[in-house]
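I have a structure here, written as C-alpha cells, and I will follow up with some questions on it.
Just so it is clear, A, B and C label the chains in written order, and each chain counts residues from 1 on its own.
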Amino acid sequence: MLQLIIRRVVVAIPTLIIVSMLIFGLQRMLPGDPILTMTAEESNPEVVAFLREKYRLDDPMPVQYLAWIGNVLRGDFGSSIRTGLPVTEMILQKLPITVQLATMAMIMAMLIGIPAGIIAAVRKNTATDYVANTVALSGMSIPNFWLGIMLIMVVAVQWKLLPASGYVPLTQDAWLSIRSMLMPAFVLSTAVAAYLMRHTRSAMLGVLNSDYIRTARAKGLLSKTVILKHALGNALMPIVTLSTLLFGDLLAGAVLTEQIFVIPGFGKLIVDAVFTRDYAVVQGVVLFTAIGFIFMNLVADMLYILINPRLRHPQ
Amino acid sequence: MTQMAQGAAGTTAAQPIAKRKGFRGLAKLARNRGALVGAGIVILFALLAIFAPLLATHDPFATAFTSIRKPPSAEFWLGTDEIGRDIYSRLLYGARASLMAGVVSVAIALAIGVPLGLISGYFGGLVDGAISRVIEALLAIPSLILAIALAATLGPSLVNAMLAIGIAATPIFVRLTRGQVLAVKTEDYVEGAHAIGLPHGLIILRYILPNILPPVVVQATITVATAIIAEASLSFLGLGQQPPNPSWGSMLNTAKNFMTQAPWMSIFPGGAIFLVVLGFNLFGDGLRDALDPRDS
Amino acid sequence: MMKKLVLSAVLAGLMGATAVSAADLTVAMQDDPDILDPHRANTFVGRLVFASLCDTLFEIDTSLAIVPRIVSEWTWSEGDTVLTMTLRDDAVFHDGTPITAEAVKANLERAMTLPESNRKAELASVSGIEVLGEHEIALTLEAPDAAFLANLTDRAGMLISPAAFDTPPAGGVVCSGPYKFAERVQNDRIVLEKFADHWDADNYHFDTVTFRPIPDATVRLANLQSGDVQIIERPAPNDMATIEGDSNLVFDLVTGLGFYGVNFNMGNGERSQSPINQDPRLRKALELTIDRNVINDVLGAGTYPPAYQPFSSASWAYNPEFDGGGRDIEQAKALMAEAGHETVEFEILYANNSAMQSLFELVQAMASEAGFQIALRPMEFAAYVAEREAGNFEVSQFGASGRIDPDGNFHRYLACGSAGNVGNYCNDELTALLDKARTINDQAERKALYDEAQTIAAEDLPALYFYYTPRTWAYRANIEGFTSYADGVLRLAGVKMAD
C-alpha cells in the first residue's frame, strides 16, 4: 500500500505539470485582456501600460510561464490583479467553505443515491424502480438555480425555517453553519445523488445477475445480507470511481449554487476570475483543485485494491 | 443513442459466436417496455425538432410587444416570453439545438473516451501512464471552465460548443472505462483467453468491451442531460447557440429572472429537458440490460 | 410519539435565533466590489461601500448641487484657476490622526501619482497644491475645469490616512468616513462598524453596516422578503409590482445619470466601412425604428425612461428639445431608399447578460420592420471589451454609469481622441464645443454649448441612446430616512431602523 502511495505521488508530478501548462495556455488563448477588463469604462492608457508591465503581460508566453511556475515552487502563487489579495490567502479563505459544502452535499447524495439505487435494482421493473428512476432523473434535469430559488422562496421566505443565504464559519457557530449550508448542499446533492443512483442500480443489476447470486436466489437465500454484503461489495467498483470523481467535481465548486446562496466558495471565485481574466487566481485555484483531484484518485485506487484484492499483484 | 446500439451490434456481428447474442440483445431491447417508452419519447422530440417549421403556430423570432409574459392560452399554447415571443414555437425550434448538443457531444465523448480507456486499462504500463496523466490533468480542470476556454478559442458557434462540451466530458468516460477494464481484466475468462494466446484486439472486443459497456451506457445517457444544460451555460456566454435562435437552455436562462411572475417561461423548457433526459435514460436502461452479458 | 417529539425539536432548532438588532444594517448589492482603495478602485458597487467608509472633500445633495463635506468653505480665484479650500477642524481618520491640509495634499498627490491610480484623469488639471495653514489648502489648475468639484465628490476626493497608505488592514482601508472597516470576506461580505469619533457621528444610527454581494436579483429580493437583509440595490424592474404590493417593503426609484444605447464604429479600422457607419441617413433610419416606449414597457416595466441624448432629466444639461418624436417606419424606409438601400445588414456587439440580450433581440425585431437585418454578437464581458478596443465591431452596445458633471457623459465618449471614444468618431467642431464647455463654470453658458454640440451630434449620429439607467432600491418598511440619489450611491446619513 505504501508503495502504491509513493508511486502515485511520483506520477502526480507530470500530471500537475500538464495541468499547469494547460490552464496557463488555455487562459491566454481566450480573447480579452485582464487590464482592459478591469479598468473598462475608466481605462487610462498610462495605468494600463503600468499594470501590463507590472504583471509581465507583454513578456513572451514561455517566459511568463516559467516566471510563474518558479514562484509557485517557492510557494508564491502571485496576487489577484483585481483585488490585489495574495492568491494563497484567497484559496485558504475559501477552502474550508468549499470542503464543508462538498462534504455535506456528498453525504446527502450518498445517503439518497446508493440506497435508492439498490432498492431500484432489487425491485427492477416494479413501480418502486420507476418512481426511484423518475425522481433521480428529475434531480438531474431540474436546474440548480430553479431548485435553489424555489427552496429559498418556500423554506426561507414562506416558512422562515432556514436562513435565505449566506455563510457562517463552522468555528463561529457550528449549528448555524450547518443550517445555512443545508439548502445549498441539498441542491448540489440532487444531481450527484442521481448519478450515484443510476450507477448503483446498473452495477447492482450486473452483480444480481451473476451466477452465485442467482444460485442463492434460486435457493431462496436472497436476504438483506446477501444483497448488502455480496452483491453490493461486488458492485462497488464503478460507484467508487464515480464517487471520487464527483466529490472532486464538488470540490472544484459549483458556481450557480454558490451564487444563489451567496456561499463564497471556489466555484464563484474561479468563474469570476476566468471572466475577468484574473490569470494568477485561475491558475492558483486550478492547480490547487488539481492536487485535490489527484488525492481523490489515490483514494479511489486504494479503495479498488481493498475491494478487489487480486489487483494487488498486477501481472 | 441508436448510433451506440448500431455500434455495439456492429462490433459483435464481426464475431460469429457473439452474433447470436447481439440479435438476442436487440430482441431483448425490443421486449423492454421502459426502453420502448424511452425510445418513443426521444423519437417524438426528434420529430418535433425536424418538423418544427410545420408544427410551430408562430414565428419563433417574432416579438409581440402587446403580449409580453402572457400565460398559456388558446393563442399562445405555452404562453409568451419576456419580449412576447411564442414559447411553444421557440420550444420546437429550440429542440434542434438542444438535442444536437446533447447527442453530438456525448457521441464525441464516447468516440474518444471509450477507446482511450480500453487501451489505457488493458495495456497498462507506459501507455496507461501517459493517458492517465493527461486525463487526470483534464479532469482536474473544472469541466465548465474547460468548455468555456475551448469554445471561446474555437470561436462562437453551436458546433464548436458541442465539440467543447464533448471534449470536456471525455475524461470521465476514459476513467470509467479504464476502471471497468481493470476489474474485468482479472476475471478468469480474460486470463483464460490470454492463456490460449488470443490476440489483444480480439480479447478487448469479445471479452472486455461487452463487460464494460453497462456503466458506460448509463454514464452516456446521463451525460446527455449534462450536455444539454452545459449548452445553456455556454449559449448564455455567447459561446453556444447564437441569438435570437432558441435553445432550451438559453430559454431557461432568461426565464430565471421571471420565475415568480412568469413560471411558464421556466416550466416548459425545463419540462422538455426532463422528458428528453427521461427518454434517453429509460432507453439507456434497456440498452444496458440488453448489453449485460450476464443477463438472460 | 417519540418521532413527533424529535421532529418538533428539530424544527425548533431550525427556526433558531436569527434575530437581528435594529442597530445592524445589511445591504445587498449586485456585485462584489474590487479593491477597497478609493484611488485604485473601479467598480460601481465599490462606490456604495466608499460612501460610508471614506469621507469626501465635497458632497452632492439630491439635486446634484455641490455641498460641503470635509471642505467647509471654498472660493475660486478670478479666472477660476485657483481653488482655495478651508477644511473642517473636527474631522479625524479612523486611526485617530486629524485630517489636515497636509493630509489632503498627500492624498491628492497619491491619487495623481500612484502608478495604479485610476483617478489620474479626474485630477489631470491640477498643476499645483499649496498648504496655506493647518486647515487651509489651495489647488492651482492648469486651466479652468468645470467638472473639477464634481470629481472631488467621488473617489478622487476621498481621504485615506497617510500613515496607512502602504499598510492597509487586510482587504480594507483606513479612511475617515462615518463607518470604519472591520472585515472583508471576498464574494461574501464587507463589514463596517460605526466610527464613534466621526465629526457627524450623531447622524449615523447603525452599529454595523454589512454589504453583501447577491448577484441574482430574484435572490436579492428573497433575502429582503425573508428579512435577512434590509436594503437591496437594483431590484429587477419586473419585481416592482411584487415589492409595491408587499406592505413590509418599499420600492424606491429615481432616474439615474447613466444611459444605454448603441454607438457606431465611425473610424476604427475596416469595420467602420460598412454602410450603416458610412451614411448618417441609415443611422437616422435605424433611430426611427426604435420605439423607446416599448423598451421602457417591455424590459423596464415602466422604469426605463426613454433616452435621446447623453444627459438624463436629472442633469441640468438635459434639454427636452432633443427628445425625438418616436417611431416612424415609413420615414425610416424613405431614408433608406434615399440612401440607395432596401435592406441594410449590420452586426451588434454586446456584453452578454440577460438584460442586454433582451434589449438587442427587441432592437433586432423592431429594426427588421424597416428592412434592417441585424446579426447579434454577444460576447462575455472581457472579450467584448477587447473587441471594442480593437475596433472589431460595426455597432456596439454603448453604456455609461453616468457622471454628476455632464462632461463625463459626453466629452469622454464623443470628443476626438477621447479615451472612451472607441468608435473613433471625430468632429472638430463638436470637440471644440465640448472642450470649451469644460473651461466655463457658468451653468447657463455651458448648457448653451452643450445644446450646440447636441445639434451636431444629432446630425452625425455617432451614437443612439435608448434609455436612462434607473436607480432602484427596495428596503424593509421599518427603514426610516432613506434617500436616493441620481448617482445611485447609498448615503446613510439620517437612515435608521425602527424596532
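Worth a mention:
We adopt the following convention: a contact is a pair of C-beta atoms (placed from the backbone, for glycine too) under 8 Å apart; a residue touches a chain by one contact, two chains touch by 3 or more.
Listed by chain with UniProt protein names: A, B = Peptide/nickel transport system permease protein; C = Peptide/nickel transport system substrate-binding protein.
Computed from a predicted structure; not experimentally measured.
The pair with more inter-chain C-beta contacts, choosing from A-B and B-C, is A-B.
Measuring from the average of all protein CA coordinates, the nearest chain centre is that of A.
Chain geometry summary: the mean Cα position of subunit A and that of subunit C are 37 Å apart.
Centre to centre, using the average C-alpha position, subunit A and subunit B are separated by 21 Å. Per-chain Cα centroids separate subunit B from subunit C by 44 Å.
Taken residue by residue, subunit C touches two or more other chains at 216, 218, 379-380, 383, whereas all remaining positions touch fewer.
Among the residues of subunit B, those touching two or more other chains are numbered 152, 256, 259-260.
In subunit A, the residues that reach two or more other chains under the touch definition are 30-31, 145, 149, 153. For subunit C in complex with subunit B, the touching residues are 216-218, 236, 238-239, 241-242, 291, 294, 297-299, 352, 354, 357-358, 360-362, 364-366, 376-380, 383. Interface of subunit B with subunit C (complex): residues 61-63, 65, 68-69, 82-84, 152, 156, 236-239, 242-244, 253-254, 256-261. Every residue of subunit B that touches subunit A in the complex is listed here, in rising order: 33-34, 124, 129, 132-134, 136-146, 148-150, 152-153, 172, 175-176, 179-180, 182-183, 186, 214-215, 218-219, 222, 225-226, 229, 232, 252, 256, 259-260, 266, 270, 273-274, 277-278, 281-282, 285, 288-289, 292, 294-296. Those residues of subunit A lying in contact with subunit B across their complex are 11, 14-16, 18-19, 22-23, 26-27, 29-31, 125, 130, 133-134, 137-138, 140-143, 145-146, 149-150, 153, 194-195, 198-199, 202-203, 205-206, 209-211, 237-238, 241-242, 245, 248-249, 252-253, 255, 267, 270-271, 274, 282, 286, 289-290, 293-294, 297, 300, 304, 308, 310-311, 314. On subunit A, the positions that touch subunit C within their shared complex are 30-34, 36-47, 50-51, 54, 82-85, 89-90, 93-94, 145, 148-149, 152-153, 156-157, 160-167, 175-176, 179, 259-264, 268-269, 272, 275-277.
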